[in-house]
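Next up, some structures in C-alpha cells.
Two complexes follow with chain A in common, the first pairing it with chain B and the second with chain C.
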Partner chain A sequence: MTAEHTAISGWYLVLRLAGPLQSWGGHSQFNRRDTQAEPTKSGIIGLLAAAQGRRRHDPIEDLLGLSFGVRTDQPGSMLRDYHTVSDLRGRPLLSATVNAKRTQKTTSPPKLTHVTRRFYLQDAVFVAAVNGPRELLESLRDALYGPAFPLFLGRRACPPTQPLLLSPSDDNPQTLWPGTSLLDVLRQVPWQAGEAHRRDRDGHRRTTLPVTIDDPSGDDIRADVPVTFDPHHRDFTSRRIRQEWVVLDDDTSSTREDDHDPFALLGGDR
Partner chain B sequence: MTYLSRIRLNPLRTKTQSFLRNRQALHAVILGGLSRQPVTERVLWRLDTTNRHRLSLLVLTETRPSWEHLVEQAGWPSSDDPQAVIKAYQPLLNQVARGRQFAFRLHANPVSTTKKPTRPSPEQRDRLTASLRPRGVRVPHRTAAHQLRWLRDRLERWGFQPLTGDHGPTAYLVAQERLSFDKRDGEKSRRVTLESATFEGLIEVTDRQTAQRSLLDGVGPGKAYGMGLITLAPPHPHPAGA
Partner chain C sequence: MTSKIYVDLHVIQSVPPSCLNRDDAGSPKQAVYGGARRARVSSQAWKRATRLAFRDELAIPQNKLGVRTTRISSLLADRLRERTKIDAEAAGRLSTALLHDLKISEGKNAGETAYLLFFGWAQLDAIVDLVAGQVDELVALAADALAKTVADLPVRETLAVGHPIDVALFGRMVADLSTLNVEAAAQVAHAISTHPAEIEFDYFTAVDDQPRPDREDVGASMIGTVEFTSATLYRYATVGMHQLRANLGGDDDAAVQALGAFIRAFAKSMPTGHQNTFAHRTIPSLVSAAVRQDQPVNLVSAFERPVRSQSGLVAESTVQLARELTKASKRWGATPALVATEYDRPDGSSPDTAEQLREAFGSPLGLDAVIRTVETDVRTRLREIAPR
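Now for the complex of A and B:
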C-alpha cells in the first residue's frame, strides 16, 4: 500500500458533521446543485475559515496546508429538493442573451418561474480529522467554540447539530486528539451513528466504516481544494486521496441480547 | 433443584409465529417440556425479542426440563449450534447476598387494583357487589411514568433497590407492548388483553431471602403469559440508556 501523508504534528482536530441536512457541492453550477456523498475539503476549510471570521476574499493559504480525512459513520440518504426560483418583483426571468448595451434580456415569451434541482444528504453523520501545525489547530479549535460567523454543513440552510467538536477525554473537552496518522485517529474515534442506524445494524459485532484521506501518492483525485473563496475569482485545484476502511471494535454495536446474559452468572455445569 | 433454560426460536417458522401470536399456546408448549404431568410446579418464562432474527425463550423450572419438542417445532432442529441450554440455577442464588449489584431484566404486567374502577364492565360490577368485602379489580398501568413508578415502588418489596446514578435511579423502561390473544376455555373463547412493560437497569440486593423468593416465584401478574421472571446478569459497564 502507498505511504500515507506525513503528519505535520502528532495532533488532530476531530469534527463530527451531523445534522438533519447536509450538502457538499463538488462541481455544482447553475440550476443543478449536487451533493457529494461525503464532506468536501473545501467545505471543511470554508467552515474553519468562517469560524475564524475570515471574509471571502481573505487569504486562506495557511488552511490549505491542512491534511484532511473523513469517515462515513452513517451514510444517510439523498434528498432531492423541489425548488423554484422567480423574480420577487414578479418580472420575467432573465434570458442568456444580452442586448447591445450588454445587459441581459428578459425571456420572451416571459418565463416567470423555473425549477432548480438541489440535492441534500439527510440523516448523515461523518467524522472529519484535520492535521496541521499544533498552534493552528488550537486556534481553529478555539474559533469553533466561539465562531465568528454561523457554521453550516456545506450550505447555509444546513446547520450542524452539537457536538461539532469531538475530544478524546470527557474531562477536558478542549483537547486535541493525539495520533500517528489520519487513519490512526479515525480508528480511535468511537462510532458516532445514531440510535436508529445502530439498531438497523444489530448483530454486526464489528463496524467497518469507509474512510477517505489525503494521500499524495493516492490513486484517486478530488477537485475540491479551494484556491480562494473570493466570489470574483473562485477557483479550485485538486488533491490526491486514498480510500480505506477502518474496523471499529465497538461494543455498543453488539446486539442488546448480549448485553444481558442471564447465563453469565450460572457457571459451567450443565 | 431449579433450572434455567434458553431455547432459540426461529421466527421464520409457522409454528413460531403462532406462538408469538398467542401466549396461551406458548405457555402450553412450555409446560409440555416437563415430564411430571400434570404440571404442579410454578414455571416462569420470558420471550426475549431483542434479536429479530433469533428469538430466545428463557424458562425457569423446578425440575429438569426437556426441549426437543419445542426445538423440533419452532427452532433449528438440525443446526450445529446447541438449540436449548439448561443450567442449574443454584450458582446464581448463591450469589444473591445483601449489597451485591446486578444488571436485571424484567418483563412484567404492571397493574394496580382498585375497588372503584371508573368504568367497570358488567362482570366487574357483579363481582364488586357480590360480597361485602370484594376483591378489587386489576387496572393496568399504561403510561411509562406509571409503569416506572410501579417498578420503583415494588423493587424494595422484592428485596432489591435500584442503584442511583447521576440522573436518578438506574432502572429503565425499555419496551412497552399490549398483548392480546384469544384464550379458549372449554367451548367458549375469550379475549385476553395485557399491558406489558420490559424493564432493565442496575439493582442491589437489600434482602437475601426476599430477593431469592422473587427470583424463584416471579413478580406481578401474568406469569402464565411470560411475565414476572427477573433475570440477573453481571453489571455491564454501559447500562442501557446511559
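Now for the complex of A and C:
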C-alpha cells in the first residue's frame, strides 16, 4: 500500500457479531426487555469499553466520536423468552392494592411468580465496522484480543462466538481494514452467514445485504448513542443514519459435498 | 504480559425426556441456531441451580454464602438480638438507623427494601460487630442522637468488602448506590442442544381410585399433556479470575476456592423443572476447563452445523467440540494456557479420533483432578499478575 493511499483512506476495525442469541436493547424498561433488529451503537460502544476494562461510570467521550456501520449478514429471527422472578423464601408476591393501614397486601389467591419478557435475536450474524483515529482503533483491537471483562452481544448471557475480529489478511490476523468509507469497507468484507443460511440461497451468485451507517446528513434517526453508562445518569442521545444495500459476490457459496441428508430437501429440522 | 486470566468451562450433557426450563405455554424453551431448532435452558435457570448447589451439594457454610432478599433490615435486627439480647423493638430501631446510610429505597412493606439485595451473611455479622460493644448506650439515645452517632460507622464500606462467593461470581446491581455494585466475574451462556431437537407431547390420563359407585366406569377422570424434549446440551460459562479476585478483596486463596466451588457446582447442578415427572438428573459426559490469558472462547460454533449421528450424539458432539477447540487454537491463535478435561473416549472410536480428542482435551481426568489441576495452575498465574 502506498503512502498516498494510506493518507487519503482511513482505517477500520471490523467485528463479526454472531452467536446463538444476541439482544440489542433500545428502550428496555419495566418488564419488557426488547431487542432491535440489528446491533445498536450503544451496544457496540459498551462492548468496546468493556474490552478496555472501563467501568460504567468511566468517561467514554473518545468512543462516542467513533463512526459506526453495521451490515446484516444473516437476519435471524425474534425469540421471546419467558422469564420469571420469585421470592426465594417461597412467599407470595405483593399485590398492587393496599389495606386500610396503607400497607401492601399479598396477592390473594397467592401469586408466587412475577413475569418478565426478554426478547432475543436468534441465529443472527452481523458485521460491524468502526472508524476513528488509528491509534484508538489499534488500542481497541488489542483490547478485544485480551478483554478485561467477558464480552457479550447486548446481554451478559449472550457470549459471542469466535472469530469476533475480522482481518483483511489471513497471514496477519491483527491488521485493520483500509478503506475510503464505512460503506466501502462493508462491501469488502466477505459474507459471514452460516452454512444453513447459505444453503437456503444456493444457486445465487450474488447476495444483497442491508447496511445502516452513521451519516450526519442521513434522513433517518436512531436514539442509541449513550451519553454515559453511569447507572445514575444513564441517558441516550440520537444520531443520524442512512440505510443502504451492499451487493456481494458470494465466492464462498458451498460446493462442498454435504453429508447425505434426504430430509434437508423437505426442510427437515427447521 | 497480560493481566487477565479466564477459565472457560465447556460441558456436554445428555438429558432424557424432560422439561428443565419451560416457557409460559409449558413448552421446553427453544432457540434456532444454524437454521435448526434446538432445545434451550436459559442462563438464569442454570445460575440459580448453581447457587443452590453451593448450599445443598457442596454444603458451603451459610456464612460464606450470600442471601438475596428484600429483608436486610429485619435479618440485621435478628442478628443484633441474637448477639446482644436487646428487645425486638430496640433491635428494629438500631437496624433501621444503621442501614439508613445506604439510602436504599424502601419497599411498600415496612422494613423491606424496594428490590432484592444480594449480600453475604458474614457481611451482616460484620455490621453487628461495628456496634456490638456499645448497643446499650446506642439504644438509650433519642432518634436524632442515634442517627447522628451511627452515621459515622462504616456500614457502607462493610457491605462493599468481604463479599460471599456467590455475590462475587454472579454480581450485584444496586440502583440506589453504585458503590455497592459488584461486577459479575462469571458469565453463563444459555445451554442449547448440539442437534435439532423435537418437542413431544406426553398425553396422560389419571384414573379415579374411588369412582362414584352409582356411575358406570367413565374411564379417565382427568386428561392432559406435558411437553418435553430430550437433548444433548452444550453448556458454556467463563470466569474472569482477575475480576473474581478483585471482588473477593484481592485474596488469591478465596478466589481459587470460589473457582473450584463454581466448577463443581456448575458441573453437578441441574434445574429442577418437572423433576418429579421426568427424573432427569444426569451427570455430564464431558467437563472441560480451559485456562486462558487472552480471551474467553465460547465453542458453541462447533454446533452451528447441528450434529446428526448414527453412533450417539454425545460421541459426535465430543468430537466436534474437540475440533472446534483445536481450530480456535490454530486458526485464530486463541491457544489456551492449560486444558483439563473429564471425558470418556467414545466407544469404538478410531485411533485418529482418540488422538484428536487427546490433542484438544489432554488425557481424560476425573472431575476432582480437573478442579485440582485448574486450581493449582490458576493460583500460580494469579501470583504473577498484580491485583488491580
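Here are some notes:
We adopt the following convention: the second predicted complex is superposed on the first by the 220 of 270 C-alpha atoms of A that agree within 3 Å, B and C clash if a C-alpha of one lies under 4 Å from a C-alpha of the other, contacts with A are read in each partner's own complex, and residues count from 1 in each chain.
Keep this in mind: contacts are C-beta pairs under 8 Å (C-beta built on N, C-alpha and C of every residue); 3 or more make two chains touch, one makes a residue touch a chain.
All values derive from a computational prediction rather than experimental measurement.
When the shared chain is aligned, no partner comes close enough to touch A:188: not chain B, not chain C.
In the overlay built on the shared chain, the residue A:231 is in contact with chain C alone; chain B does not reach it. Residue by residue along chain A, chain B and chain C are tallied for touches, and C comes out ahead. Applying the stated touch rule to the two superposed structures, the overlap between the chain B and chain C interfaces on chain A comprises residues 259, 261, 269-270.
By the touch rule above, chain A contacts chain B in their complex via residues 202-203, 251-252, 255-257, 259-267, 269-270.
Contacts from chain A toward chain C in the complex involve residues 18-21, 55-57, 76-77, 79, 81-83, 88-89, 94, 98, 103-104, 115, 120, 122-123, 144-152, 156-164, 173, 194-197, 199-200, 230-232, 259, 261, 268-270.
By the touch rule above, chain C contacts chain A in their complex via residues 2, 4, 6, 22-24, 29, 31-38, 42-44, 67-69, 108-110, 173, 175, 178, 181, 183-184, 187-190, 192, 196, 236, 238, 240, 242-243, 293-301, 304-306, 308, 328, 331-334. By the touch criterion given at the top, residues 4, 6, 48, 50-53, 56, 58, 85-89, 91-92, 95, 102-103, 105, 200, 231-234, 236, 238, 240 of chain B touch chain A in their complex.
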